[in-house]
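What follows is a single structure, and I will ask about it in a moment.
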Amino acid sequence: MKKTTRIILSIAAIAVLLAVLLFLQANERDYGMVITIIEKSAIYAVVAVSMNLLNGFTGLFSLGQAGFMAIGAYTFSILAIPASSRASVYYATGINPIIEHAELPIPLAMIAGGLMAALFAAVIGFPILRLKSDYLAIATLGFSEIVRAIIASPQMNTITNGSFGLKKIPEFPNLLTVILVAAICIAIMVLLINSSYGRAFKAIREDEIAAEAMGIGLLHHKQTAFIISSFFAGIGGAMLARFMRSIDSNTFKIALTYDILLIVVIGGMGSVTGSVLAAFLVTASKEQWLRFFDEPLVIGGVSVPFFKTGLRMVVFSVLLMVVVLFFRRGIMGQNEFTWEGLFGLFKKIPNLFKGKKKKEAI
Amino acid sequence: MSLNVFLQHCLTGISLGGAYALIAIGYTMVYGILRLINFAHGEIFMIAGYFMIFATANFGWAVGIPVTLIATVVLGVVVERLAYKPLREAPRMSIMISAIGVSYLLQNLTTYLFTALPKPYPEIPILKQIYNIGGLSASLVTFITPILTIILVFILVYIINHTKIGMAMRAVSKDFETSRLMGIKINKVISTTFVIGSALAAVGSILYFTDRMSVTPFSGTLPGLKCFVAAVIGGIGSVPGAVVGGFIIGICETMMIALGYSTFSDAFTFVLLIIMLLFRPTGIFGEKTIDKV
Amino acid sequence: MSENLLHVENVTMQFGGVVAVNNFSMDINKGEIVALIGPNGAGKTTAFNVITGVYAPTNGSVSFDGEEIICNFPKGKMKKLYAGENNGVYTRTIEKTPDKITKLGMARTFQNIRLFKNLTVFENILIAKHLREKANVFTSTFRLNLAEEKKMKDECNELLDILGLTDVKNDIASSLPYGQQRHLEIARALATRPKLLLLDEPAAGMNPQETIELTQFIRQVKDKFDLTVFVIEHHMDLVMDISDRIYVLDFGKMIATGTPDEIQNNQAVIDAYLGVQEDE
């Protein structure tokens, strides 16, 4: 395929996407649910790509994403909740005078959230990045729980509002803003992945010892990947705070990290487009497509007994296990979306129906 | 804090530590053999709680206990066969993700079946009886837990050191590939490991929930992680290490709560973990290994 | 006498109670091809790993191009266990990590090929150029170093061309035939622009024809890039053919050193390889 064809196709696709988004935004009232799902998916996509940067591209199995999201979300919220409504947020214990008047414009507050997460990553990364794969997983998981405990502790009441959580967080003005912020974050990460540093990360993933022998400083590069990943997890946390409008420490349980990890796995470890695609697929199926499993189902006057609250999640987890066990490469493997790949897929589809043996992934 | 109160807390801590120790053994043995953090172990421990609830409701507690043990063992082995065995040749990250997936599935399945509301745990009258020993008063379960733990560990250590299957286990944990070449039936060894781990988790579950009185689909996650931490602190792969680690975590947690830092008690476990990993990543009883280039 | 490039002094490497390398010293001068040989398990690769910074030696020191890169002495548990010689001679600890050592101009290959398997041939080479990059992570991400990036890519293309790997440029490394993977590993090491090239059994698993080709390849590369070469090898044809000097290790101790002719006639070496007939 010619380069110009590819560019035209891409521009066309972006234009169509933009048109759909503008249409949805204009008819906000009618498509409330769809908009909510798209917003949530976009936020998850940012965090998933940030996690993929570590797990898929650098080969570091880290499970600390929820902790860094919490740091980002709280830092953002503390700086962004309008000073006028702070008294009502901290009604129970009062507000710490240091932060009482610290209010930043929203974009700066989001960046501050990311920077704070990155700062924590820099501090804890130095010791724990020396650990081997599964020890690193458990240490980052532990860190995430420590963050949560500290946020919820009574000693932090005047800053994080302890177990009451933070409310009245300024929301996103519209759908397009969410998409724009998400797109910028993901674009920066893609640029990084395709840069010389990104190649060095991949080398570490492929073979640490060989990478080090080729002059790539392991600790320094792992640290870089860890800090950048945490920065974007922090931004993702800030986005989630804006989306939810109120947060507390229970928002950032280990389950959140697992949700993100599963998106990364379904999309394919080491594929940015895979993560983005999976973020939308997983969120949509969890929130909407599999919903009917939770409703009582009546066929021809007989109600099917298994359909009740919770079945949706069971079906979802079974699907997930199928991916983990039989389609280990996920949707995209380590490949990225290309128009050639898409057309190749179209060409393959008729073959599938001819009963030919199916390939594992695209 | 008077001496008496202190000792009382110690007793509670040792008892909690005993239950943790039993669960930690499951982690340490599986890790020793498969190099896998079996994230689903906490959920198996939680489901053992539900098994006990239903078994007791149907057969009374005396029959309920063996039924729970057997059901938990079956569950553990089934999980291994379905979720870990197909990934034997896969990269380690895949198996770990599979373990997380299983834990997710088991949690959602129990939520679906029994709702997320806490279910009351059956009271075993004998275990709940209050005894007074030297000014310390506690229910029988508190006294029994550490003793039972020690007895079970002695039996386990005997099995590992003096039986044929135990020798096979030690061989597999030293070198997976070579022991396969030497004709050891790897799958049998792994199944046995899961049988032992799950059985101990079931015992731990009975002791743990008898004190806590209710079970929810999420009550396995945190104890599970803590027990893994216990296994790491003791030195992963080492059974006595897991026991010592279990007791350390149990006592520390109880003391944190006694001192009024209950919000930090869970986090403290992880602080302990990170400190341990920094200064002695191999744990108290762990051996140092050198990577071949 | 030409200029010294690598100076290894009294290096002992002890794992627990096992002394893998015992009081090993050697020198390599600029422009030489030096070989290290010895029976299986003699400690060759261990010596290699000490020089490249993978293992910290238990005792001893290594200097490269006039700079001391590694120095250590028995510490902690090793104080009691230490069974080597020259205890107490060294008192400093210098442990440069392998990446720093590579930056100084020492590049290596591995006995069991360690390519970046799932990446293309071109990426494998390009990654080895990363260490000479001046851009930091920000300028690199936002493409403010386009000129540098282009130069890196041009150099890689040139290198692939010289080494005859241009045809397979976009192939995945693990899909190459074995012999070509060996060549690629050497190419990757060359991309770091080394002064000293260390080859760990480059001919392992090769048939005689491939070995002859490899011998020529090493010579060619050495002349083209003005290198000094240090090679561990089992194939005596290759070793005797290309080396200027040979060191022989047995049970961790150096038993002989000299030119290929001298080594071929050295009784200690013959005994080490063939065993000694014990008369009773």
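For reference, chains read A, B and C in written order, and residue numbers begin at 1 within each chain.
As a convention for this text, a residue touches a chain if its C-beta (ideal position, glycine included) is under 8 Å from a C-beta of that chain, and two chains touch if they have at least 3 such contacts.
This one's a predicted model, so the numbers in the text were calculated from it and none came from an experiment.
Engineer: Measuring centre to centre, with centres taken as mean CA positions, what chain is farthest from subunit C?
Structural biologist: Chain B.
Engineer: What chain lies closest to the overall centre, CA atoms only?
Structural biologist: Central by C-alpha mean position: chain A.
Engineer: What whole-Å value do you get for the distance between subunit B and subunit C if each is reduced to the mean of its CA atoms?
Structural biologist: 47
Engineer: For subunit A and subunit B, what's the span in angstrom between their mean Cα positions?
Structural biologist: 31
Engineer: Can you check how far apart subunit A and subunit C are, centre to centre, with Cα atoms defining each centre and the answer in Å?
Structural biologist: Each chain's C-alpha centroid was found; their separation is 43 Å.
Engineer: Quick check on subunit C: which residues sit in contact with 2+ other chains?
Structural biologist: Expected reply: 54, 110.
Engineer: Identify all positions of subunit A at which a residue touches two or more other chains, and write them in rising order.
Structural biologist: If we look for residues of subunit A contacting two or more partner chains, we find 209.
Engineer: Would you mind listing the residues of subunit B that make contact with two or more other chains?
Structural biologist: Touching at least two other chains: 293.
Engineer: Inside the complex, what are the residues of subunit A that reach subunit C?
Structural biologist: 188, 191-192, 195-197, 199-200, 202-203, 206-207, 209-218, 224, 228, 334
Engineer: Over in the complex, which subunit A residues touch subunit B? Could you list them?
Structural biologist: Listed in rising order, the residues are 55, 61, 124, 127-128, 131, 133-135, 137-139, 141-143, 145-146, 148-150, 152-154, 209, 254, 258, 261-262, 265, 269, 308-311, 313-314, 316-318, 320-321, 324-325, 328.
Engineer: Any idea which subunit C residues touch subunit A in the complex?
Structural biologist: It is residues 52, 54, 97-100, 102-103, 107-108, 110, 114-119, 123, 126-133, 135, 137, 140-143, 149, 152, 188-189, 192 of subunit C that touch subunit A.
Engineer: Could you list, by residue number, the parts of subunit B that touch subunit A in their complex?
Structural biologist: 35-37, 82-83, 86-87, 90, 92-94, 96-98, 100-102, 104-105, 108-109, 111-113, 115, 221, 225, 228-229, 232, 263-264, 266-267, 269-271, 273-274, 277-278, 281, 291, 293
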